[in-house]
Amino acid sequence: MVEVQKMSKNFGTTQVLKNVDLKVQPSEVMCLIGPSGSGKSTLLRCIAFLEQYSSGNIYIEGEMLGYNDDTDIRKLTSTNELNHVRRNMGMVFQQFNLWPHMTALGNVTEALVRVKKLSRREADEKGHAILKKVGLAERALHYPAQLSGGQQQRVAIARSLAMEPSVMLFDEPTSALDPELVGEVLQVMKDLAKDGMTMIVVTHEMGFAAQVADTVVFLDQGEILMKGSPKEIFQGEKPPRLEQFLKNYMDRNAFWE
Amino acid sequence: MVEVQKMSKNFGTTQVLKNVDLKVQPSEVMCLIGPSGSGKSTLLRCIAFLEQYSSGNIYIEGEMLGYNDDTDIRKLTSTNELNHVRRNMGMVFQQFNLWPHMTALGNVTEALVRVKKLSRREADEKGHAILKKVGLAERALHYPAQLSGGQQQRVAIARSLAMEPSVMLFDEPTSALDPELVGEVLQVMKDLAKDGMTMIVVTHEMGFAAQVADTVVFLDQGEILMKGSPKEIFQGEKPPRLEQFLKNYMDRNAFWE
Amino acid sequence: MMTFDAQLILNHLPDIASGFGITILCTLIACFIAMLLGLVVALGLMSKAKILRYPVRLYVEIIRGTPFLIQLFLLYYGGPSIGLYLEPIEAGIFALACNGSAYYAELFRAGFNAIPKGQLDAAKIIGLSRLQIIVRIQIPQMMVLIIPGLVNVSIILGKETAILSIVTVPELAFVLIGIGAETYAYAETLTVLAVSYLILAELTSRFGGWTEKRLSKYMERSI
Amino acid sequence: DVLSDVKSKGELVIGTELQFAPFDFLVNGKHEGLNKDFFTEVGKELGVKVTYIDLPWTSVLPGLEANKYDMVGGPVSITAARMKRYSFSNAISDASVALLKRKGNTKIMKSEDIADMNVGAGQGSAPAAQLEAFSNTLSKPANIKLYVDNNQAYSEIMTGRVDAVANSLPNIAYIASQHKNFEVVMPPFGTEAYSGYVFRNDDESKSLIESINKIMAKMTKDGRMAEIQKKWFGIAIELPQTPIVPKI
Amino acid sequence: MLDFSTLLPALPVLWEGVQMTVLLSISALTLGLIIGTIMCTARLSNSTPLRILTKLYVSFFRGVPLLVQLMLSYYCLPLIGINTPALPTAIVCVGLCSSAYITEILRGGFQSLSPGQKESAIMVGLNRLQIVAFIELPQVIRLTIPALINEAIILVKASSLISVIGIVELTRVTQNLAASNFQPFEFYLTAALVYFILNSTISVLGLWVERRINSRSIV
């Protein structure tokens, strides 16, 4: 479904991703964990081709992403081709990136009308339904600036889900949510996973990673230090860096008996 | 230190805070918990007088905040008076609100130079020291757009702490941090609490609330449903709404034995 | 001993009114064309392809860099020598629109640059096309920043119509210069000119303000 | 009054536009022309220095009214309407109207030939009024196009948008003499007219007008005037030495 | 067909005209920026009288043609006893006129900043002036450079109007020369070229500053 081969990414002279290799199978849920600044968001953005990766290859459903071929001197593909390759991809951003000049409903329905070509009425119906699902039925006509942090985050999630993508990239989808909602949103995601959606999730919720992920990937300083099933990651033998990373959390919340 | 009396806040016709009564003693750490959209951020913003509260009174160190008197038809105080009343107050925002045209160091030192009148050199020294404390020594000269979410949040915290306020308002100060850092930042906050700083903290980290708070306040739909010591809140008899709110979290992370 | 003869203005009122009408018409048409053209030029200015960007940049610099009077003069009086015969009003509106497009283009470019990249990312990944992103996401948002600038340029274009008088377009300035030359009542004609342009400018800025208010209601608070 | 002010300042200040050959204009970047020569003599007679202020025509007369200078150069055609607002000196030049055409244009050999042709003139100018009156007497009236600036009207002869331009004889005669592409259609048409210098229409200015008229008469008598006219018009012209009663 | 030989003797006069245009543009632009910034902060203040006053100010100076403003202040003010010399009058008039446009440009910039930045500045204790100067203005400038450059270029060209109060600048010299030599194209082209050089200098400068700022803080 998503395959990342020896991918590296530089910002100027600093390398933030080094030789990343990943393979996500259809219907697999992969969680990315790692310390702040380790490159999780950047990796996700490269998979969405919102950043141009510097070397290596990324394939989405077998098609090369962003570049025309895999030789050394390569050319960017046209916007149309790019959009075609990532047509089934959705993404929820760490900073939500809502469109401030549209209401919550407008944010959700925009792509339904423009991309899926639904009629305004159908789109509104669908939009309302999805907003209701994330508990925002009454806030549909609020602008982002009139919403609380958690409400904004839920709109962002609703906006992506409305498009019914087959691969979803989540960047800390629960960071602004209260514990109760975290539970609910995680439940929604578990359901999606059960329905066979492929997901790559950056998260700081080890509990979620442990319960939902098929694979957990630990990223540190742009490198994959360990990759494995949750069991391997949380209970097995692990590199000292990961040990240390998890220690604090384990102390605070002993969620994994 | 901070006293909120029968304070209400409307946005247009919707009332988002209803008759809130709070009293925070010097050196007290108060945690605000509650579902998304319950009015936590708004309450914090009213205490900082970034929103004009609609009725009721707020006193900071005995001085009326924002309005000239407590009669019914009241006038806003001058900006100078207002700044005087909140001179010892610091705030960390849910969305960080960093200044994008300044480096991390610039964000931290700006007020040191302009308000505390330190020399550029002293300010830089102090700024570097604080950035080091939050683990950003190497990123001092990065602009916000070049920082990861967690790094931005830490800059925001550093910026406030640099001013050494006596009351700090934190709005979800750990939302973008990885578990390891959450631990560290919470440690910093615990230290501050020990040093006698008064703090009002909006948080979804029940672990933190349980361990550090003197008082925990549970807000729902703009009303204070319960107020008490962590022990009372987490272990004692509680209203069904709070029970339900905590239930999910308890299930997921059994941190409170 | 300046004198002011209101009767004189009243006598010429029909001429003045028709001149003002033509002024408004020229302004409206020119502004409209200029904005559309300006948008296209702005996209050219931001193109990644140098082969497109450089010529467009040169266009903007030449149009902005040289006086409108001279552009119009060359177009109208020099045009025939290369076989380009334009009616005065055609030449006037065409030159005015080109002129405006260069200024508008720079404003649009500023607007495009001001929109947080994250929002564009969100739009791209959800599958909106380039054009849809421009029309639905970028333009509505940049208006808060650039409407005052657009109003500025529109007001200036409105006043530049006075220069169309050199190619004998019978707009307001042309009529008033005529009255002035005939009667030497310059104080009166200048007053009429000033008041008329003031009205035109005020209308333009009211319209801008109205649009601005409608668009900016979403910018309310931060969290 | 103005005259004594001028004398006590030691300076006569004239507002004018340096785009009015052959009266005031630039030759190789220097101010030259009939006015320059004439006022140099006036300066000598009055014992004062002469200073010129160059302004676009629109602001020349408001400047006069605001006392920014003592008088206006020009000269301008003396008409009844204008006399209501300003005072004029005696005639400094003939202002009868003639046509300027492209050299070698055989379709216009006399003024009457402009019937049904495109003819340009200065918007609101005295020649324009005369042209219109004249055109109405023709078999088919001319198609008159008005320009805010005579120089543009002249350019239009070359672009072919107009066949001829009507303006006062001294101006177009000078242009034809300087520019090989143009030719004057002789003789002039219309009512006889003169042009003169402009002053404020108040008692204060009377003394200055009188003294300038006197100097004009004196120079006509001693031949200095004829010399200047020959230099700038090519010929000497006899002008009335009494205040003009305008027929236009 | 064009003949530039008559241009040579006229070069010294042209040069004087250029100098006047540059002098006036620079001083008026400086004045306009300073007053524009002040007016803009007043325009955005909480005080209603100040807001109305600045609105009127902008309406007047933006709506009334510069030509008329110049004539009013040079020819009418003397009637009520204010008699100022031409050059200062010109600088002040052009400066005030452009300040009205600049006020509006900056206002757009200030209003498009997210309120959060101001709030975080308030909370670390910066006063109003400091917030404007150190937090808002730098970002506003970044956002509005293209519009400000537009305005600067318009100002350089509008400076040609000052000839109505007897100051001889580039356009005036050119017109005089063109009228006297009957070679309008040659002289107008020369003037256009000079304006083009002046204005593209401004423009290139603006683009350079813009690129420098943008390369550092991407939104």
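Each chain gets a letter, A, B, C, D and E, in the order it is written, and its residues are counted from 1.
In this section, contacts are C-beta pairs under 8 Å (C-beta built on N, C-alpha and C of every residue); 3 or more make two chains touch, one makes a residue touch a chain.
Please read all numbers here as calculations on a predicted model, not as lab measurements.
Asker: What's the minimum number of touch steps needed to get from chain B to chain D?
Answerer: The fewest steps needed to get from chain B to chain D is 2.
Asker: How many links in the shortest chain of touching chains run from chain A to chain B?
Answerer: Tracing touching chains, the least step count from chain A to chain B comes to 1.
Asker: So what's the Cα centroid distance for chain C and chain E, whole Å?
Answerer: Chain C and chain E have C-alpha centres separated by 17 Å.
Asker: Can you work out the whole-Å distance between the CA centroids of chain A and chain D?
Answerer: So the centroids are 82 Å from each other.
Asker: Taking the mean of the C-alpha atoms as each chain's centre, how many Å separate chain B from chain C?
Answerer: Distance between chain centres, rounded to whole Å: 49 Å.
Asker: Taking the mean of the CA coordinates per chain, how far is chain D from chain E in Å?
Answerer: 37
Asker: Mind pulling the chain E residues that touch 2 or more other chains?
Answerer: Those would be 67, 71, 75-76, 79, 114, 116, 119, 184, 218-219.
Asker: Could you check chain A for residues that touch two or more other chains and list them?
Answerer: Only 95, 146, 148-149 qualify.
Asker: Where in chain D do residues touch at least two different other chains?
Answerer: Within chain D, the residues that touch at least two other chains are 58-59, 62, 65-66, 155.
Asker: What residues of chain B sit close enough to touch chain A in their complex?
Answerer: Touching chain A from chain B are residues 11, 33-37, 40-41, 94-95, 139, 146-151, 154, 172, 175-184, 204, 206-207, 244-246, 248-249, 251-255.
Asker: Could you pull out which chain C residues touch chain A in their complex?
Answerer: 116, 118-119, 121-130, 132, 136-137, 140-141, 215, 217-223
Asker: List the residues on chain E that touch chain D in their complex, please.
Answerer: Going through chain E, the ones touching chain D are 6, 9-14, 67, 71, 74-76, 78-79, 163-166, 168, 172, 175-182, 184.
Asker: Along chain D, where are the residues that touch chain C in the complex?
Answerer: Its residues touching chain C are 58-59, 61-62, 65-66, 81-82, 85-86, 122-125, 129, 145-149, 152, 155-156, 159-161, 200, 202.
Asker: Which residues of chain A touch chain C in their complex?
Answerer: Per the touch definition, chain A meets chain C at residues 45, 48, 50, 79, 83, 86-87, 89-91, 93, 95, 97-101, 110-111, 114-115, 143-146, 148-149, 152, 156, 159-160, 163.
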